[in-house]
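Have a look at the structure below, then the notes.
Letters A, B, C and D mark the chains in the order given here, with residues in each chain numbered from 1 onward.
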């Protein structure tokens, strides 16, 4: 029996050592990436609020995430008495596990994808991230305080209802690709020469809103911020356990952002990838990196302490090296095969960070929805809109095939579809207003169905 | 070789969690073990290269139905459920049915041993690349050869949903 | 919602009777910050009591100080010189803007918008700098004395106030772009916490809350005090008296206050800043009730003097205390999430509620 | 009361045994006497004399509003004076609610700005319950006063102006005056089990509820 297992593992290793390695790499680097995303968020928030944000730890607060991580590791880990130990331990693990597993399905660059060619790509990602709900519900239940249970139920109700809307939005985009495999989706966008966001803008919009709600962020971050629920399901967790939830939330954000990029914004394709005369765009990444490096050098002497100046110079050096790495495949012919991998990776990360920037931007500017408004938006507005949008895109596709339009030609057909969808949206909205006016808002509405 | 090990691994988990699920006193624990059982069956689908079924199993059962289960468990206040005696009085009837079932399964294994082929028929899955992409095959069969049953089933589901909503409406 | 709650603006405990998510009744338990100001007043001379007045509504200390000083001046039948009255008006209007800014910031934060708080505090900082340059204190300023002013306006006073007023116009637009047209903000505030005009008057509610319900009444116009009769300004009035109307009324009030300051700086009359008032104040026996328009409503001082150095009885009519009574009427039938918005929109300061 | 600029006040010859304050009321702001040489400490009047010693500023109020009011209520109106141009009506305690209803409906004093009390321990009717009314249409203020002895109940005006609810509770909390007909008369600012009524003159400022302190704070005394 023993050698059977040994042989099986050897066989397993021979077959899958590359994705295993990538998996380990991702799981190791991710906390760091998430830490720096949090830093960027705090800096952005500060900048928008006419203040500076974390400046103390390292130059411009660059070492802040490491300090946070250390603090969280050392912090005392309190388990509320007569809480259910097993579930209390399991819940955050489940949450993080689901988020990281979903990350496996995604393709950063044409070469870099952990689960190489599973042909249910997008479905795999969406399905696995749906497991995250258990982490939240069980977490709320395990800390057995009434408030966190209520918070957990509310956030999972929100997740469940917005998943349908997100699912339908993805369906209308998948109509164009015809396959679920991530790599072929991006190829389809490359072949068509146009990103699907132009073909199905309404779908992109519904997916955007639904993904914000799905990751419990910005106007929909009700469970944590609700004044009497304090921190929702996360209240009782402290120290590292809490940071697991935090990690799960930000990884979910990355997962959602990369699904949107792959499906709508053309994955790792350079904007106007197939347009030959726009090739100078290849130099944009290097110029960007060089710009950042130069800024760091300019700022370096201004740093108060010696070690911070060195640190800034190191960051500048890193940026220049990256710039160089991005430049080499474009110029040197021999490095042509690497071109797709490196530049693809850059553009993918660039689009994902734009998407996440938009998340953060929303968080700082607009106030929070009330829970019943949130559910009403989900059920009465988003889901019907996305279903109707799927029908309209289907009809548009048939018309497109009939006139056998290709690429940009498809726009002729899909834009009217989008316009009709918007008209329908407006119809739903003022139907909503009349219903409210009639009801003068005092009727008790069932909160979980919204 | 790898498939065999994987299969046994998932099967063991499925059986163990099913057994645990039934014996747990705490409702939430049994729900968790039910989820692990479902995930294990999904694993077996994957091991048989049916990834569409794998993901549908996860989305449908674990992501959909189990969430509902856990919701209901949370909303119904738990301590009442705990007090009720877990095992109803018809213990003997249950034992009888279990024995009958075990006998039948045993008979099935025994006869299959007799047939051509060797012992426990463990399907060795075909390598992934030679299989047609199974989401397409599922789609083809579902929407082409069995379109009518598909439509009837959806209508049936629709009616069930509307029924549920109507019943819920009356109560609030 | 216990006394240590993040969004009750101080130590206020609210017992909510809920039916599911809906509030059916509420009871405010107050008194946590009760310092017995009125009892202390009976054992302090008139001048010694002045700083206590600032500690009641610590967000609008200048205007409560003005109310007290003017009440005692009425008791003494003394009139502050014109220069003092104009400077008092400028400082009170600046304090009104500062108090409204603090209200806007915390109110928006309760409803979820993070950024307005920092914008508001940036402007409020400018005002507090002016106070600091004028009388050395930022919050509990004790800027006025009975009979006039203690300090002459420092030399760049006009320029500072003018600079502040000049760029405050664009700043208000900044807040408005963030909130007024924001669909979620409207969703959270429109139709929430409605108080009809009749209820408002019945509950004795005053200030922006009353004006938002449609009653056009402002003591600065009804019974002008200090130098308000010399300036032109409108009184913003709401229509249905919900949280959104109160928001609009207060934003408009900030604009009007800015106009008053601008008009006032043009000609601050020369002359003495202190009336002929002796060191020891012994007002002739009798009583007086003097009310002014504080940012939160009508703050009234009922002072009874028996001719001695110490007042026989001082009663303060605090706007927050009486406005809070209307809270129960406004919160009925709303959701728990709205309770936070309603507490914010009444704009109460617990120091003033408990005295 | 709109403060029109001060016109010289007719000095009113004070009756009673107290020397009048040496200089008449102020005529122009600048000419205010250096220090208000009001009598050092007015001797406490004998019981039957009007509660406050007559002083140059209080003139009997004789405008048409008072005549109309006297015509309607006659005996209920005990005294109508004007102190520093603010009208004060002292009315009979029993008919307070009836008078308030009249004032609110006919005279249109639709807002009760303030309700408080003053403690004059020397008088046998020691408490003054003071109501400050305001009328939006007429833009006028009026002060109603009611005298009440220690154990006497004052009829509550919550039915007329709901705003009186908390204010009466505060007066009860601070003075111990019971308002009959008040929906739930209990302490509003002080802890419920607090003994004594702080704002009474005989309640020394340093005195505190020693029982409460010993029990809650576990120390002998707060000082």
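Definition applied: a residue touches a chain if its C-beta (ideal position, glycine included) is under 8 Å from a C-beta of that chain, and two chains touch if they have at least 3 such contacts.
Quantities reported herein were computed from a predicted structural model and do not represent experimental measurements.
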Pair joined by more contacting C-beta pairs (A-C or C-D): C-D
Rounded Å distance, subunit A centre to subunit C centre (Cα mean): 46
Averaged-CA centre spacing for the pair subunit D and subunit C, given as whole angstrom: 25
Rounded Å distance, subunit A centre to subunit D centre (Cα mean): 68
Gap in Å, rounded to a whole number, between the CA centres of subunit C and subunit B: 66
Residue numbers of subunit A (touch at least two other chains): 444
Residues within subunit D bordering two or more other chains: none
Graph class of chain-chain contacts, one of line, ring, star, complete, other: line
Touch relationships between chains, expressed as pairs: A-B, A-C, C-D
Interfacial residue positions of subunit C with respect to subunit A in the complex: 1, 5-7, 20-22, 108, 110-115, 117-119, 122, 178-179, 182, 184-185, 187-188, 191, 333, 335-338, 340
Touching residues (chain side subunit A, partner subunit B) in the complex: 4-5, 7-8, 11-12, 15, 84, 86-87, 90, 118-120, 123-124, 126-128, 130-131, 133-134, 137-138, 140-141, 149, 152-153, 156-157, 160, 163, 180, 444, 446, 448-449
Subunit D-facing residues of subunit C, complex: 30-31, 34, 36, 38-40, 42-43, 74-79, 81, 201-206, 215, 217, 222-223, 225, 275-289, 291, 298, 300, 302, 304, 306-308, 312-313, 315, 317, 321-322, 324-325, 354-355
For the subunit B and subunit A complex, residues of the former touching the latter: 1-2, 4-6, 26, 28-29, 32, 35, 51-52, 54-55, 58-59, 62-63, 66-67, 70-71, 74-75, 133, 135, 168, 172
Subunit D residues within the subunit C interface of the complex: 1-3, 6, 21, 25-26, 29-30, 32, 34-36, 38-42, 52-53, 55-58, 83-84, 86, 88, 110-114, 116, 118-119, 130, 132, 136, 139, 141, 143, 161-163, 165-167, 174, 187-191, 198-199, 201, 203, 205
